[in-house]
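Chain nomenclature is as follows: A, B, C, D and E, assigned in order of appearance, with residue numbering initiated at 1 for each chain independently.
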Amino acid sequence: MTQRSIQMDEKIISRVDLLNICQDVIEKGNTLLTPGVADYSVVKDVSNLNLDASALPSKISYKSYVFPRTEPVLYYKRSKNDVQLIDVNIDSKKIVILGAKPCDANSLNIMKHLFNWDYSDEFFNMRAKNFIVIGLMCSHFDEYCFCTSVGSSPVSEKGSDIFLIPLDENNYAMKIITDKGKEFITPYSGYLKSGDENRSKRITENVKQPDVAFDSSEVYKWLGENFESPKWEGVGNLCLSCAQCAFVCPVCHCFDITDEDYSYTEGRRMKNWDGCQFGNFTLHASGHNPRDIQSKRYRQRVNHKFRYYVNKFGEILCTGCGRCSRGCPVSVDIKEIVSNCKNDQKELR
Amino acid sequence: MKIGVFICHCGENISSTVDCPRVADVCRTYTGVEYSVDYKYMCSDPGQNLIKDAIHKYNLDAIVVGSCSPHMHERTFRNAAVSAGINPFMVEIANLREHCSWVHDNIEAATRKAIELMRMAIEKVKRDKPLTKIKVPITKRVLVIGGGIAGIQAALDTANAGYEVVLVEKEPSIGGHMSQLSETFPTLDCSQCILTPRMVEVHQHPKIKLMTYSEVERVEGFIGNFKVTIKKKARHINEDKCSGCGMCITKCPIKKKAYNSFEEDLAFRPAVYVPFPQAIPNIPVIDETVCTYYKTGKCGMCVKVCDREAIDFGQKDTIHVADVGAIIVATGFKLYNIDKKSADSKYKGYGEYGYGKYRDVIDGLQFERIASASGPTSGEIKRPSDGRVPKKIAFIQCVGSRDDSKGISYCSKICCMYTAKQAMLYRHKVHDGEAYIFYMDIRAGGKMYEEFVRRAIEEDKVKYIRGRVSRIYEEDGKYIVKGEDTLAGMPVEIDADMVVLATAMIPQDGAESLARTIGIPYDKYGFFNEAHPKLRPVESTTAGVFLAGACQSPKDIPESVSMASAAASKAIILFANDTLEREPVVAKVNEDICAGCFYCMKVCPFGAVEVKDVKDINGIVYKEVAYINQGVCQGCGTCTATCLSKSIELAGFNNEEIFAEIAAL
Amino acid sequence: MDKQNWEPKIAAFVCNWCTYTGADLAGTSRLKYPANCKIIRVMCSGSIDPVFILKAFERGADGVLVSGCHPNDCHYNAGNFHARRRWDFFHELLDFIGIEKGRLQFSWISASEGKKFADVITKVTEDIKAMGPFTAYKKMNSEFTIDFPEEPSELPEPEFQENSDKETE
Amino acid sequence: MKYGYFPGCSLTSSAKEYDISLRKVIDKLGISFDEINDWSCCGATSAHVTNHKLSTALAMRNIMLAEQQGLDNIIAPCAACYNRLIISQNEIGKHTGIRKETEDLLSVKFKKDVKVFNILELFLKSGLNKIIENRKRELSELKAACYYGCLLVRPAAITKFDDAEEPESMEKIVEATGADTVDWNYKTECCGAAHSIARRDIVVDLSKKIIDDAITHGANVMVVACPMCHTNLDMRQRAMKRKYPDHKEFPVLYLTELIGLSLGMDEKELGIDLHYTNFKYADTLLNNSAKG
Amino acid sequence: MKELIKHARELLENGEVAAVIGYRQVSAKRTKPVIITDPEETSALVFNEYCLNNLAVYLTKARIKLLCKKNDKVLKLAITAKPCDVHSIVALIQENQIDRDTIHIISFNCHGVAKDFGFDFNGDNLASKCITCETHKPLYYDALFGEVKETPQASDTALARIKEIESMPHNERFEFFKSEFDKCIKCYACRAVCPLCYCQRCITDKTIPCWIETSSHQRGNFAWNVIRAFHLSGRCTGCGECDRACPADIPLSLINRKMSMEAKNLFSFVSGRSLETPTLVGSYNEKDNNELFM
C-alpha cells in the first residue's frame, strides 16, 4: 500500500457539491463515514451532514472500520475424525471517510507497519486498500491535544487522500494528495473549480496550534535510560487498568485470538481487540505475569508508543489526538506524563 | 478419551417408544465414542458383564449408560465400572426411561429426545474428572452440652457403648429442670427419686468426664474432628480437697442476700452453696457477688470451718480443650418470663396478669417447688406472700404459648399435662381447696396422658374452664381472675387465693450464641433446627452435631430421653468406623482468583467455608481467600452460583460439565 | 424453518432431590408430556447460575425452566431461598432488557409432585409455542455465522406433527 | 411534618370540646396541621357492621383526600375514626381484591401509604419534651386514671404501638404534664360504648365500675382519648347517680384538655365547662390542701 | 478547603495514615484523583462540585497493601469521599474488601456534583445521581468538612427514561438494548471504575469454560452487559461512574438504577447504606416474594 504524494492543483468545491459527491458514494453502495461526538458513524442521509472543523476528535477513532473490534478469521466444523475449515470473505466495499481529523487521518499509515512487517495481514490490507480518507483541517484544540508534539499538526495532510480546508461557510479548498484520492475524485471533477493556493495557505498558517509539549526524541532517550525508574509507580497507583485508552486510540492494535463454538459442531475463530493495560494481558499459563502491576503496564504503554515502535518502524505510535486522556475515567493524561517524565521535580501521575 | 455408550432396552420399557439400536448407532458417530451398543437389560449380570468386557476390550476411559433414572441404577453401573478399573465418577447416566420412554408416546420424538439426552451425557462425561471418596479421620469422643435429663441420658448411652464423653453443664450441678420437679405425670412418681440414681451413675462412670460450672466457649473443626474450648468457672473451692461435708454452707453468715435459683427465687441461699442437697458433684460454689470476703476482704468463716482447706478465694476460671468427634447439644429450655418489666425484649410479657407485681401469681416451676417435699415449704401448698394455705387456685394454661400477639405461636406441649398434675397434687394436699384451670384446648396425646387428665377432672374434681383470662387484679387479698367461659358463653370471675401460670417453654439463655459458636442453625425462637423435620430429627444440619431434648422444641421427659438415646446412637454409628467416607461431590475454591468477598460464607447452609490465609514464598500472608472444608461441605453448590468471579467449582457438577451439557442441548 | 413444523427447544435446570425425583415419578406414573424439554440435573437450585440461562439461549433454547424444592423443603435447607432472590432479580433484569418473562419460567416441584411436573412441562411448552421461536437472541450474531455445506443428516426429518396432539393428551 | 386533621363526626358535635382543646394545644405546641378538605364519615359503627365495602370505601375516601392534598400523615383524634382508618388501610394493603374494589368505587388509585396516627401517637411522636418545655404549671395535684377503652390500642396486630392488654403510653403523656397517674385495673375495660343509647342500663353499670375502680386506686380525675368513652363516663354519671344514690361526681377529662391545663389555658378556653361533670383545677388544689 | 488540607497534613505528619487519596484541581472545571504520601503535597487537595470520581475504587486489597505497609507497620489509608462514595465504602466493608478500622474517611457535606467535567454546575448539568440523592451528609465518616448548601433542583430524567423503556413492548426493548450494547467495545472501563468490581479475575476473563464470549459482537456484548448488571444487582450503590467512563455512551447506570429500584421494591433494600444490614446477596428471607414460582 503505497501513497506517493502527487502534486496537483488546489481546487475549490462548494458544500453543496461535496454533499452531492457523498450522495453518489452512498448510492453506489459504498460506506460513508463522518465523525460524530462519540464515534465515526455511517451516513445514510447527506441532507443534514455537517462538517465541523472546530469539533474535538470523536470519543472513538475510526480504526474499527479497518481493524474491527471483533472479526472472524475462519470457520470450523468438527465431525468424528475430521475438522472442516472455511475462510472468511472480506468485504471489499469502499469506505469513504469524510472529514477525518488530521490526527486520525495518519493512523492507518502508522498502523500498517505492524500489519505488514512479517506477515501481511490480508484483513487489514484489503480494508485499507478500499479506504478513502478525506481529511479536514482542524481549527480547535483542547488541553489534551498534542498533535504538534508527535510531528503532526491541525493542518497536516499526512494520511489523507484528499484534504479539505474550509474557506468560508459554503466552500472548501480541496487538495488531492494521493493517487487513490485522484482516482476517487476524477469522476466528480465536474464539481471542482480551480482554487487559489494562497487563500488556503493564509487560513492554514493562521490556525491556532497546540504548543509543543515535549520533544519526542528526548522522551525516546529518557525511556531508554529509565526503565526501572520509580516514577512509574505514581501513575501505576492511579491508573485503574481498563483499556479505554487503547480501545479509543486510533493506532493501538493489540488483538487476541479466540475460538467460539456456535453450535454443537460448528464454530469460528475470532480476532478481538485487546489492551496492554489489562492485568491479564501478559498473564502466562504458568501463572507468572511479567507485568504483574499497573506501573509496569503503564510503562509498557508509554515505551511502546514512544520507543519500541520508533525502534522497529521509525514512527511514534501516537497521533496526538488526546482521546485516551480525554476519556480516561481517572484523567490520566499521557501528554502530562510524557512531558513530565524528564523533569525530576515532577511525578508521573 | 475413549467413551463407551450402552443403551438399555429395559425389557420393553424403553425400547417400546425409543428406537434403541438407532440411538446406539447415532451415538457411535459422536467424537470420542469408541464403542456403542444396545442391550435388553443393562442392569442384569450379563448386561454388567457386557459393560465390563467392553471397558477392557476397547480400553475405555468413561462410559455413558442410557437407562433408567440415576436414582435407580447409578450405583450399579458405577460399581460395574469400578470393577473394570474405571473411576466411578467417569460414569454418566442418561435417563431414557422415566424422563423419556415412559412419558412420551411418539416413537420418533422419543427417539430424538433420547439421542439428545445421550449427546448431553456424552459431552458431560468428556469433561468429567476422576474423583475419589473423601476420607476423614474420627476422634471417638463425644461432647455433651447440658446436664439435664437429656444430656445425662445421652452421656450414659454413649459411655456405655464404650466411648469417652465430656459432659459440660453450666450450673454447679447436673440434673437440670427435672431435679426441680415434684412429681411427674402421668404416674405421679417422685422426680428426684428416679433422677438421682442416674446422676450418680454419670458421676461414677469411668468414661464420662463431668465438667460442671463450665461453658463451651469455642468450637472449631468439623465432623469427626472438633476441637472444643471449655471455660471452667471458678468455684473458689478446691474440688480435689472438698469432701462435701457442707460445714461452709452451714456456717456462712451471709444467709439472705441471694435468691435460691433452684427454688425459683422462693427462698434464699448463703454465699457458699450447693444448688440442692442431692447435687452432683456435691461440691459447693462461692458466689463472688454476695460473699463478704470479695467485698471487704474479711470474714473467711468458711476457711475457718473447712478442715480440708478446700476454700480457695484466689481460684481463677480455667480453660480446657477437648478433641471430640461428635457433639450432642442438650441445653434444654427455660420458662418465658412473663413479668412485663423483665420479659425478654423479643416478647411482650403479660402485664395484665400481674406476675412480678403480685407475689401469689407464680409460674409452673415455682409451683413445682412449692409442691415438692424438698422445697421451701416442705411440700405444703402455701402462698408465697403470707404463707396462708390457698383455698382456691386458678391455673392458667397457654400463657405465652399459642399467643401470636405476645410473640410465640407454638404449643409448649407439656403444660396441659403438668397443669393437670399440679391441680391434682393441690387437691390431694388441700382437700377443701378448689382448683380451676383455664385452658384453650387439652392436648393430652401420649401413653396414659388422656386418662390422667380425665382423672383430674373426674376423680379430683378439678374445674376446667375453656377460655382465656383477660386480666388479674388484687382485691382485698384475693386475686380476681377475669376470663371467659367460652363453652357457656359467659364472662367469669374467680376470686382466687393464688394463680399459677403455665408459661411457655422457650430455649435456654444463650442458646442462640451457643448455636453460633457451634455453627448450627436455629429458628426464630432460638430452638435449634434439625436437619430434616421427619427423617433426621436428631441431627443438626451441621454434620456431627446432634440434638437432644427441649433445646430442639418443647418436650416432656420421655421424649427428651428417647431423643437423647437416638442422638447417642447417631454418635455411636459415626464412631463405628475409623474413618469417615464422604461422597466427593464437594465444592473447591480456586485460591488464585478468589477475591475474598466471602459471599460463599454467607450463603453456605453448613458453615463449610472458612477464611484461609494465602502465604507467599517467604511465609508472609498476602491474601485471604475462602476455603471449603471438605469434611463439612454437603455439595449443594449454592456457593458456586453466588461466587461472582466463578472461583468455586462443585466436583462432579462443575461449570465446564454443565456448559458442555448446555452446548449439546 | 417454517413455523408449522417448528418445535421449541426447552432446557430445564432442576435440582437432584425434588424436581428430578418428581420427574422420575411422572415417569413411573406414566404421565405424558411433550418431548421438547430436556433436563440438566444439578445438585440444588441454589447452584444454577444465570449465565447458564444465557448460554442456553445462545445455544438455541427457546425457553428455560428452573425448578427446585419448595421453600423450606430444600435438601440443603436454604439453597432455594438464595436461588429465589437471584431469580427475582434476573427475571426483572431480563424483562427490562426485553426478554419476555415467559421465556424463563420457575417452579417448585417436590419429589411427590409427578403430576405437577408433567403439568408444568406441558404448560411451559405451550407457552413457548405460543410465543414462537426465540430468534431475537439467536439472530444476534448471524453476520458471523456461516452455513457449512450440508452433510447427510444423521437423523430423518422430524415427524412430530402427526401425533403431537396425542402427546399432550 | 404536617398532619392532615380528620375530626370525624363526634368532634364537631358531642365532643366539641375535644376539638377545641386539641386545636388549642396543637397550636401551642407548634405542631402544624391542615384539616382534610371535604372529609366524610369514617365508616364507623353503622357502616362497618352492615356493609363492609361501604365502610372501607368511606374510610379510604378520607385517606385518599389527604393523599390528594399532599398530606402524608393523618391524625384521627377519635378512637373509632382512628380504628376505622387503620383497619381499612390494612385491609386494602393485604388484599388486592379489596383494594381494587375500593379503588373502583372511589375511582382513584392509592399511590402512597398515608400514615394514620391516633392522639397518643401524635404526642409521643412530636415529643413529650415539647409539653414539658411549654408547661406553665405542673398539675401535680392531679392523680389521673388513664382510660384507654377498647379501640385505641386494638387490634394489636394492626395498631402496633402499645401493649393491647397493659398499655402505658397515655401515662407517659399525662406524666409529662406533671400530673400523677395511678395503677388501676380497668384501663381497657368496656365502657358500654354504643349501647349508650339503646341499653343505658348496661352502660351505667359498666361505666360505674370503671369510675369506682379509679376512685379505689386513688384517682381524682379520669383521662380519656375517645369521644364515646367520654360520653359514657361523663354524661352517664347523672344516670349513675339515679341508680346508685351514693355515686359522687367524678371528673372525666380529654387528654388534650389535661395538656391544655398544664400549658396554662383555663377551663373555659378548653371547653371543659361543656362537660356534664364539673371540674376546676383550682378546686382540686383546694380539695387537696383541705385534706392535707 | 483549608481545614481539609490541615487535617490531611496532620494525618500524614502524625503518621496516622500512610496516604491520602483525594482530588486535585487540574483546570477550572476539572479535578483528578491524587494519592498523596508527602505532607507537603496536601496543599493540592480540593473538594468541590467537580470532584466526580468515586475514589472508593482505589480501595482494593492490593493497593492498600502496596500503600499502607510501612516498615512492617500497617498504617491507615485516608480517603476523601463524597457521601455517596461512602456508600461504596460501606459496601466494600460488607464484602470484606476493606476493614473499617484501616480506612480513615474524610467526607463532606455535599450538595451535588456536575454531570461531567467542563460543565457549569447548575440544575441543568447536575449529575444524575445527585437529583434523587438523599444523603447530603455522609452516613459514616471520621472527619467531616464543607458547608451545607442547597442542591440545585433538576428533573429526574433517568427515571423518566426507565419508565419510557418499561412502556415499550418487549421486542422494541430488546432492539433498544441490543443497539445500545452493540456500541460496546469491551474496554471494560465500566468494570475498572466500579468500586464493587474488585474481582481479581472477572467472570468474563474466565475462559474455561467460556462464561461470556469475549468478542465484542452483539451476543458477546449482550451477555457481558446483562451479567455485569446482574452481578451488580442489589450491590450497586448508584455512583454512576460506569456511565461517565463508558466511551461508547451506553446508558449503563440506567440498568443499574432499574435494578436498584427492584431491590428496593422487592426486598426493601438499598445497598451501602448500613454496615449492620446484611447484604442482599448472601442473605434471604423466608417471606421473600414467591410469585415467580409455579
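Simple rule for what comes next: a contact is a pair of C-beta atoms (placed from the backbone, for glycine too) under 8 Å apart; a residue touches a chain by one contact, two chains touch by 3 or more.
Source: prediction; values computed, not measured.
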Where each step is a move between two chains that touch, what is the least number of such steps from subunit D to subunit E?
-> 2
Neighbouring chains shared between subunit C and subunit D, ordered by label | B
Where are there more C-beta contacts: B-C or C-E?
-> B-C
Most distant chain from subunit D by Cα centroid = A
Judged by C-alpha centres, the chain sitting nearest the middle of the protein is E
Expressed in whole Å, how far the mean CA point of subunit B lies from that of subunit D is 49
Where the CA atoms of subunit B average out and where those of subunit E average out, how many Å apart are those spots?
-> 44
If you average the CA atoms of subunit A and of subunit B, how many Å lie between those two points?
-> 69
Whole-Å distance, C-alpha centre of subunit A to that of subunit E, is 31
Subunit A: which residues touch two or more other chains?
-> 79, 270
Each of the following residues of subunit D touches two or more other chains, namely none
Overlap residues in subunit C, where contacts from two or more other chains coincide | 58-60, 78, 82, 86, 141, 144
So, with touch as defined above, which chain pairs make the list?
-> A-B, A-C, A-E, B-C, B-D, B-E, C-E
How about subunit E: which of its residues touch subunit B in the complex?
-> 61, 65, 95-97, 198-203, 206, 208-211, 231, 278-279, 281-283
Which residues of subunit A touch subunit C in their complex?
-> 72, 75, 77, 79, 84, 86, 262-263, 266, 268, 270
Hey, which residues of subunit B end up touching subunit D in the complex?
-> 340, 348-352, 404-405, 470-471, 473, 480
Provide the residue numbers of subunit A that touch subunit E in the complex, in ascending order.
-> 38-39, 59-60, 64, 69-70, 143, 234, 237-238, 240-244, 246-248, 256, 258, 260, 270, 272-273, 275, 278, 280, 293, 327, 329-333, 349
Subunit B residues touching subunit C - in the complex, by the definition given at the top = 26, 29, 69-71, 95, 97-100, 102-106, 108-110, 112-113, 115-117, 120, 521, 529, 541, 585, 603, 605-606, 634-638, 640-642, 650, 653, 655, 658-659, 661-663, 665
